[in-house]
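Following are the structures in question.
Below are two complexes that have chain A in common, paired first with chain B and then with chain C.
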Partner chain A sequence: MTRRGVAGLVALVVLAVVWPQIIGSGQLFFWDTAVIAVLFATSVNLLFGSAGIPSFGQAAFYGVGAYAVAKVAGHAWPVPAALVLAVVVGGVVAFATSLLTWRTAGLAFAMLTLAIAQALYTLVEKVNWLGGYNGLPGITAPSLWGINFFNQANLWYLDVVWVALGLLAFWRIRRSPFGHTLNAIRQDPRRAAFLGVNVRAYRAVAFTLAGCGAGLAGGLFAYTNQIVSPASLYWTESATPIIMLLLGGISYFWGPAVGAILLSALLNYLDQVTTSYLFYIGILLLVVLLLLPQGILSVPATLQRLLHRNRDGPLGPRRRGLADAVGGLGPEPPGDLATPLVPEPTDSASTS
Partner chain B sequence: MIILATGLTDGMLIFLVASGLTLVLGVMRVVNFSHGGFFMIGAYLAYELLRGHAQPIWVFVLLVIVASAATAVVGLVSERVLFRRLYKLPEVTSLLGTYALLLILEGGAQLIWGQNPVTQAEPSSLVHAFTVAGAQVPRYDILIVAAGVLTAAGLQVLIKRTEFGRQLTAVAEDRFMAGLLGVNVNRVFAATFALGIFLAGLGGALAGPTLSMVPDIAVTFILQAFAVVIIGGFGSIGGSLIAALALGLLNSFLASDAPSLADFSLYILMAAVLIVRPQGLLGSRQLVGEDL
Partner chain C sequence: MTTTPPPAVEVRNVVKRFAGNTALDDVELTVPAGQVHAVIGPNGAGKSTLFAVIAGEHRPDRGTVHIAGQNVTSMAAHRRVKAGVARAFQVARVFAEMTVEENVTVAVVAAHGTSRVFWSGGGLRRARRPVAEALEEMRLGDLRKRQARALSQGDRKRLEIAMALVLEPKLLLLDEPTAGMSPEETAATVELVHELWTHTGLTVLLTEHDMQVVFGLAQQLTVLNRGTVLCTGDPAVVREREDVREIYLGAST
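The block that comes next holds the complex of A and B.
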């Protein structure tokens, strides 16, 4: 790790420790949910940013993690055991989903994950054991080593520690040979297959790991929110972490984290000033997709490149946009859709 | 009998929405999340034109068509402004683009019409039910079924028998070659999209009297249409007709005979089809991405 990296990390740790004192307990709940969103978005970016798997059903794994914790919290399971259970449940459900979608990729995969997640939503909403439509209320984290989690600051530390563990895991995964293989699969699944990589198996493992991360985030959310409801599995919830990772920058490890904080803050603000935050989020998403496809974190690099345009030498690492991230992912239709077929869809390009 | 009638009506309504979705998917290779948004716009526009009152049937039909056409115009504008830019991007990016449009449409509807539900009355001559084989069937159902049959037949004629249909098929098959052969691909895209959105608006306008309108119907109703597209096969209109009717009937049967399973009919049908035929009933393998 570079010295700047170490310095940044130390600053983050210090900030996390003193944060409850800085902002006071009134706003702490919002920040709890924001760091949980950081973990959720980072887990989803293992799919979109690393492996190039377009899943639209991640809310399902988040939701089952939350329900797992909610169920065992009633039996006073210790916090670490309950959260490990959330990780396992999220992973198992994700693995089952990856088996069901084994033979699909691209758009079909996206729609199938959406449908499977929605089926789980319907199931959770119907089952009385899980509280049905109203969900499970009154979840509290039992005291651990004498630490009482009714205290808002202690709950914040609980969230931060587990989110940090989750981020560390995804950091290691990204840097491992496994992570590099996922990159290769994203860039060209066919070539990866020719090199002897079992593409579908790798995708299934990546999908399972992302499910584990989503499950952990969901479990933390259960303790923080103290109530879980089927709404956290609804299909529109799966889009939120995707918007976050696009906003921050899909090709950066910290992109989803930055996006999660920004979007959480924006939603929190919009909620106070308008009844229709969807409208503004939609416009934001369009602007990011069309004008800033590499996210906010790409702004400094882009500026630098503009400033140094005339100089010789390397321009620094080229950053990917969503375009490269998920291009070449889908099926290969006749005539290769990954590249624009109509050379340039302008009116002058074709005549009838 | 009542089960059959309800199922048929539901199925036709789903078909109206799904046919536009599958048309756009098949020709333009864009999964259009915003389709549900246009469904909702159609419902609200019809409500605005009819003012919620019961009207004579010919006024109702005329204004429903006007509302659908107006929805198509909104669709055409969004095609020009947004979708044009999405064609060049990979499929998944364009998927997110259409999701953004869905958010904008739903949010816009919240700003204009608010969150409180509004209701639209049925046409005055179709308010009551009539009796078939001892069962009470709402008269309004006839209108929906008629619209569904007309749409299915109309699409069939349009695609198989007209010059535009031939161009559309060519573009769906290979847009590059079609462009080389002198087909104006952009114009075909715009027309296809307008047609698809017209059908979404028509579905919304006709569904209006059967539901209480809130902006949220943009995200709830679209799920059934998505399932129908998966079950019927990506891009297949015939497949979506069969799938929509099967879904409507299964819904209706389960609702009366096994209410606890009713909400799962979609997933039961989808699982059954996908296990046997991953590409859907009448779909082609290419769009499923079977090889990696």
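The block that comes next holds the complex of A and C.
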């Protein structure tokens, strides 16, 4: 890890520790949901940014994770056990979905995932065991090692620790041979098959892993929100993380995180100023996508390109699109945890 | 007494139809291990279809395909790679948004079976040495940090061959290996393939329009015409055949 990467990580940790003092308990709930959105959007980006799988049904796995925690919280399951259950349930439902969609890809796949998620939403709404339309209220995280989660700050730490674990897992996946292979599949699935890669199986595994991450995010949301309703599975819940990762930049590991914080903050604060906040969010998204099609994190790369336009020509060495997913990160990775995927730190920006 | 190894590829009675058109009609082809074999024929003769049937892109309507003695007729493409088939495409297909090195890495981790490991980066570190070796072998070492989309067509084709070689194939399929290359690149590629063959004894099946390449490399020739095998044999013999000359003259007018 680079020195800058370590510095960035330390800064993040310190910030997370002192955040409850800075922000005050009134706004802490909102920040809880924002970090949960960071994890959710990062899990979705394994599909969009790495594997090139367009899923519009990730809310299904988020929702079942939330319901899993809601059900066992009543039986006072310890927090880690309940959250592991959320991961497993999210993964299992995602795996089942990937089997149902085995032969599809692209738009057909996107529509099928949307349909499956909406079907689950309708089902959950009808099932009394899950509280029907009203959902399951009164979810609390039982004390763990003497830590009481009625305390808002402690709940924040619970969320942050588990989100960090989730991000670490996705970071490793991205930097693994599997993550590298997903990038290849995204770029040319047929070519990958002729290298001996079972493309459908890899897509199914990626989908399952993303479902695990969504399940964990949903489980944390259940503890934080203290009530779970069918709305967690509604299609708008699937759309939100997609907007987040488009804002931040789908080719960067931290893109979804940046997008999640930004969109959450905007929704929260604009909501207090104006009732037509969705209008402004729409304009923002439009502007970002038109001016920075690779997201906010591509600003340094875009500036660099503008400055060096004449030097590199259209096929300059480090012009990276979706493909950044590969080497992990773009040319100027923010809060840099990045080294090139096939490590060889000598040559980052110059080829002959 | 030594037992002869099974042929690297054996195509028997293969029929392939597309919407009523017969692309391959009862095609037979046997390539012994260690041979460089060229399939030639005019456009539409069925060369690409034959390659697709061997590589697993198309299933034949009838007939069988054996690779090194193993029946692969009903295997999907990715499983045939494990059985020993590697291919390069007519228009090189590489992962454009990756560097040269990263492209070969995909192939190496797939060949090592580490590509499914998502919890550790060790497979990528272990791939570094074979990647470097393959790049040296194909003389791509200087370009290893270059984005694949910034490569010339000739370099892309060599990159594709490097990716195929690390799969340690029993049969290498080269679909028009020099198409789109400059004369210099063509000469270099012919030399490279020849060198590879002398070093590794690899079995190569290739199609090619450039007859100089064919006669420079191939030890055996198969001529396809309208989906059927016209003849198979020694290049020097085949080129003198009246019917072969006829279809080539016929195709060019």
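Going forward, the second predicted complex is superposed on the first by the 306 of 352 C-alpha atoms of A that agree within 3 Å, B and C clash if a C-alpha of one lies under 4 Å from a C-alpha of the other, contacts with A are read in each partner's own complex, and residues count from 1 in each chain.
In this text, a residue touches a chain if its C-beta (ideal position, glycine included) is under 8 Å from a C-beta of that chain, and two chains touch if they have at least 3 such contacts.
Everything quoted here is computed from the prediction, not taken from an experiment.
> Looking at A:Arg191 after the superposition, I want to know if it touches chain B, chain C, both of them or none. Which is it: first, second, both, neither?
Second partner only.
> Check whether A:Asn183 is in contact with chain B, with chain C, with both or with neither, and answer first, second, both or neither.
In the superposed model, A:Asn183 contacts chain C only, not chain B.
> Touch check for A:Val199: first (chain B), second (chain C), both, or neither?
The answer is both, since A:Val199 touches chain B and chain C.
> Quick one: classify A:Lys126 as touching chain B (first), chain C (second), both or neither.
It touches chain B, and chain C stays clear.
> Check whether A:Arg172 is in contact with chain B, with chain C, with both or with neither, and answer first, second, both or neither.
Once the two structures are laid over each other on A, A:Arg172 reaches chain C alone.
> Looking at A:Pro54, would you say it contacts chain B, chain C, both, or neither? Reply first, second, both or neither.
In the superposition, A:Pro54 touches chain B alone.
> Looking at chain A, which partner touches more of its residues: chain C or chain B?
Counting contacted residues of chain A, the larger count belongs to B.
> Output the chain A positions appearing in both contact lists, the one against chain B and the one against chain C.
Correct list for chain A: 190, 193, 199, 322-323, 326-327, 341-342, 347, 351-352.
> Please output the residues of chain C touching chain A within their complex, sorted ascending.
Chain C reaches chain A through residues 55, 76-79, 81-82, 86-87, 89, 93-99, 101-102, 105-107, 109-111, 114-121, 123-125, 127-128, 131, 142-143, 145-147, 149-150, 163, 167.
> Can you list the residues on chain A that touch chain C in the complex?
Its residues touching chain C are 172-173, 175-181, 183-184, 187-188, 190-199, 202, 205, 209, 315-323, 326-327, 341-344, 347, 351-352.
> Given the complex with chain B, which residues does chain A contribute to the contact?
Listed in rising order, the residues of chain A that touch chain B are 54, 103-112, 114-115, 118-119, 122-123, 125-126, 189-190, 193, 199-200, 235-236, 239, 242, 246, 275-283, 285-286, 289-290, 293, 322-323, 326-335, 337-338, 340-342, 345-347, 349-352.
> Where on chain B does chain A make contact in their complex?
Contacts found on chain B: 29, 31, 82, 84-85, 87-93, 95-97, 99-108, 110-111, 114-115, 173-177, 179, 182-187, 189, 219, 223, 226-227, 229-230, 234, 260, 263-264, 266-267, 270, 274, 278, 286-292.
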